[in-house]
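The two complexes that follow have subunit A in common; it is paired with subunit B in the first and with subunit C in the second.
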Partner chain A sequence: MKVHVKTFGSLTDILEKEFETSATDTADLLAVLIAQHQELANRNLLIAVNNTVVHTAVELKENDQVALMPPYSGG
Partner chain B sequence: MATERYSRHYALKGFGASGQQKLQDARVLVVGAGGLGCPALQFLAAAGVGSLGIIDHDRIELSNLQRQLLYDSEDIGLAKATVAATKLRRLNPEVSIQAYVEQIHAKNAAQYLQDYDLVLDCTDNFAARYLLCDACKLLDKPLIFGAIYQYEGQLAVFNVADAQGQKTTYRHLFPHPPGPLEAPDCNTAGVLGVLPGIIGTMQATEAIKLLAGIGTLLSNTLMTINILDNSTLTLDIPRAMPLEGNYPSSLAALKDFDYISFCGMPNAIQEISPQQLIQEWRDPDHLLIDLRNAEEMPRLPVDHLPIPLATLAAQVEKINRSRVIFICQTGKRSLAAAQFLQQQYPGRYQIVHLAGGMDALQPYLHN
Partner chain C sequence: MTQAIHNIFIQGPIPPGLVAESISKHSTKTAIGAHSIFLGQIRADQVDGKTVAAIEYTCNQDIALQQMADIRAEVFNKYELSCMHVYHSEGYIAAGEICFFVFTSAAHRKAAMAACEELVERIKKELPIWGKEIFEDESHQWKINR
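Up next, the complex of A and B:
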């Protein structure tokens, strides 16, 4: 499935701020990205699909919007 | 209450005298008087919140002045909480202000939070954020969360029921803390000075709305703002998710929870001396573990659990107390065991090891 991905915070140092890619579910999407960018392995990320935070692998449908966001600590 | 001071609130449709009275009756604790805390405190004091608490153990540095507008060049080196309190009293003498020049930690958090109706997380590190998350959940206090990174901010209201009566916490966003190198702070990553001004002001906005009972809150919602392209994203936080990971489930457990090692921050393994050990080894709060093999002598003359280091990983479930003392022959295996446990089960145990091991203890054994 073609999905639209947005990245946030320090992730934009590794990935484009917005891009399209193909993945069957969120776990597959992460695996694909980690295969391309080793430094993403073991990163603590929040994943949201169509503006809802998900904590388990969620099936992706055509044109889903995925957000990948790290925690921010600054204050 | 001075009528003129709040005349614009009185005139405000939907706010008025009743909204103002609710602010006057409220007690708000702001944890962190830095980039987020300064604007939040200024607006809360100006708005006439009845009682404001400020916790911060830091001192004012020159590099703070680019964004922490409560302070000026003459305040360098002074305690933030004290200076903030002085300036806020000048801004609004009607507000009762308590300044605590102290670091909030697991042992004192509940004691501070208990006195307040509402807490603002204006801290700058994950150990404090997870601590506030857990303490506010256990005490059922609303927590207004703000965090920043370079040009982006995150904002949410935790522990406040939405229309369906559901509440969430920071752990519903990030059940596990990041590694120590994963999320750089403002010192290393930099921050545009206006960003904490915006996010801290929005935290104050949510606080005022919550206290006055107006508008819609960011409960169960994470809002992110990027000030470079003015984009915002609002994410729904799932309510029904069971909490995963390691977290304290009672106020007693909170006090013993080690947030520093939970957040993977380098926490030196504490040592215990032979003399101290002998004083404390019958204390039933501790679990004494001998990591040596059965043939290594002399054996410990008090109750203990023998777990040879090689079998530690397989026997972790036998460690049924949070305070653990590791002992071996020379102190090497006990240090390795402590590091292993801290890495594998961050925050679960308070670990000390006997420096110098049995070799150091032996001279004291027959006295």
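Up next, the complex of A and C:
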């Protein structure tokens, strides 16, 4: 499935801020990105699909919006 | 979720005048007996001999505003509050400037103070906002909340 990915915080030093890619689920998406960018391995990341944070692997549908977010540091 | 979405984000630093204006706007609400205010200021941290000159804040606004609406509803349910106002900066905020403003009002001080503290802690922990600490030589590191 083609999905739209947005990255935030420190991830923007490693990945484009927005890109499209193909993945069947969120675990697959992460595995592909980690294979391309070793520095992503062992990072504590939060994933949101269509603006809802997910804590387990979620199946991706065509044109889903995926946000990859490192730990928050506002305030 | 059905809570109203309010935009809390301000481009650039929070002007000190906004704090004064916010206080003054509540003078007609005479059931209020206590305000509690938290102001976050950019600290010029020293890291390996370099000084933080500014923090550049970015956020995932859609998720942040939904999360803020949920927090707002929960804190209103938990405490006897009259009012709650929250502002957070986006963009480049220089050391010494204000980046975060939480303002709670209640009939009595304990509710205002406890709600204000809870809001500050929850916003720092639960809102998808990121701070990029920019040093005087323009190198950077990503802020980590303690």
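By our rule, the second predicted complex is superposed on the first by the 72 of 75 C-alpha atoms of A that agree within 3 Å, B and C clash if a C-alpha of one lies under 4 Å from a C-alpha of the other, contacts with A are read in each partner's own complex, and residues count from 1 in each chain.
In the analysis below, a contact is a pair of C-beta atoms (placed from the backbone, for glycine too) under 8 Å apart; a residue touches a chain by one contact, two chains touch by 3 or more.
Keep in mind it's a predicted model, so treat the numbers as computed, not measured.
Visitor: Just to be sure I read the superposition right, which of the two partners does A:44 touch: subunit B = first, subunit C = second, or both, or neither?
Guide: In the superposition, A:44 touches subunit B alone.
Visitor: Who does A:75 touch here: subunit B (first), subunit C (second), both, or neither?
Guide: A:75 sits against subunit B and subunit C alike.
Visitor: Looking at subunit A, does subunit C or subunit B touch more of its residues?
Guide: Between subunit B and subunit C, the winner on subunit A residue contacts is B.
Visitor: Can A:54 be said to touch subunit B (first), subunit C (second), both, or neither?
Guide: First partner only.
Visitor: Is A:67 in contact with subunit B, with subunit C, with both, or with neither (first, second, both, neither)?
Guide: In the superposition, A:67 contacts both subunit B and subunit C.
Visitor: For subunit A, give the residues common to its interface with subunit B and its interface with subunit C.
Guide: Of subunit A, residues 6, 8-10, 46, 48, 51, 53, 67, 69-75 contact subunit B in one complex and subunit C in the other.
Visitor: List the residues on subunit C that touch subunit A in their complex, please.
Guide: Listed in rising order, the residues are 40, 57-60, 62-63, 66, 88, 99-100, 120, 123-132, 142-145.
Visitor: Applying the document's contact rule, which stretches of subunit A touch subunit C when the two form their complex?
Guide: Going through subunit A, the ones touching subunit C are 6, 8-10, 13, 46, 48, 51, 53, 67, 69-75.
Visitor: Which subunit A residues qualify as touching subunit B in the complex?
Guide: Against subunit B, the touching part of subunit A is residues 6, 8-10, 42-44, 46, 48, 51-55, 67, 69-75.
Visitor: Which part of subunit B faces subunit A closely enough to touch in the complex?
Guide: The contact residues of subunit B facing subunit A are 32, 34-37, 121-126, 129, 146-150, 152-154, 172-179, 182-186, 189, 191, 196, 222, 224, 226, 233-238, 241, 244.
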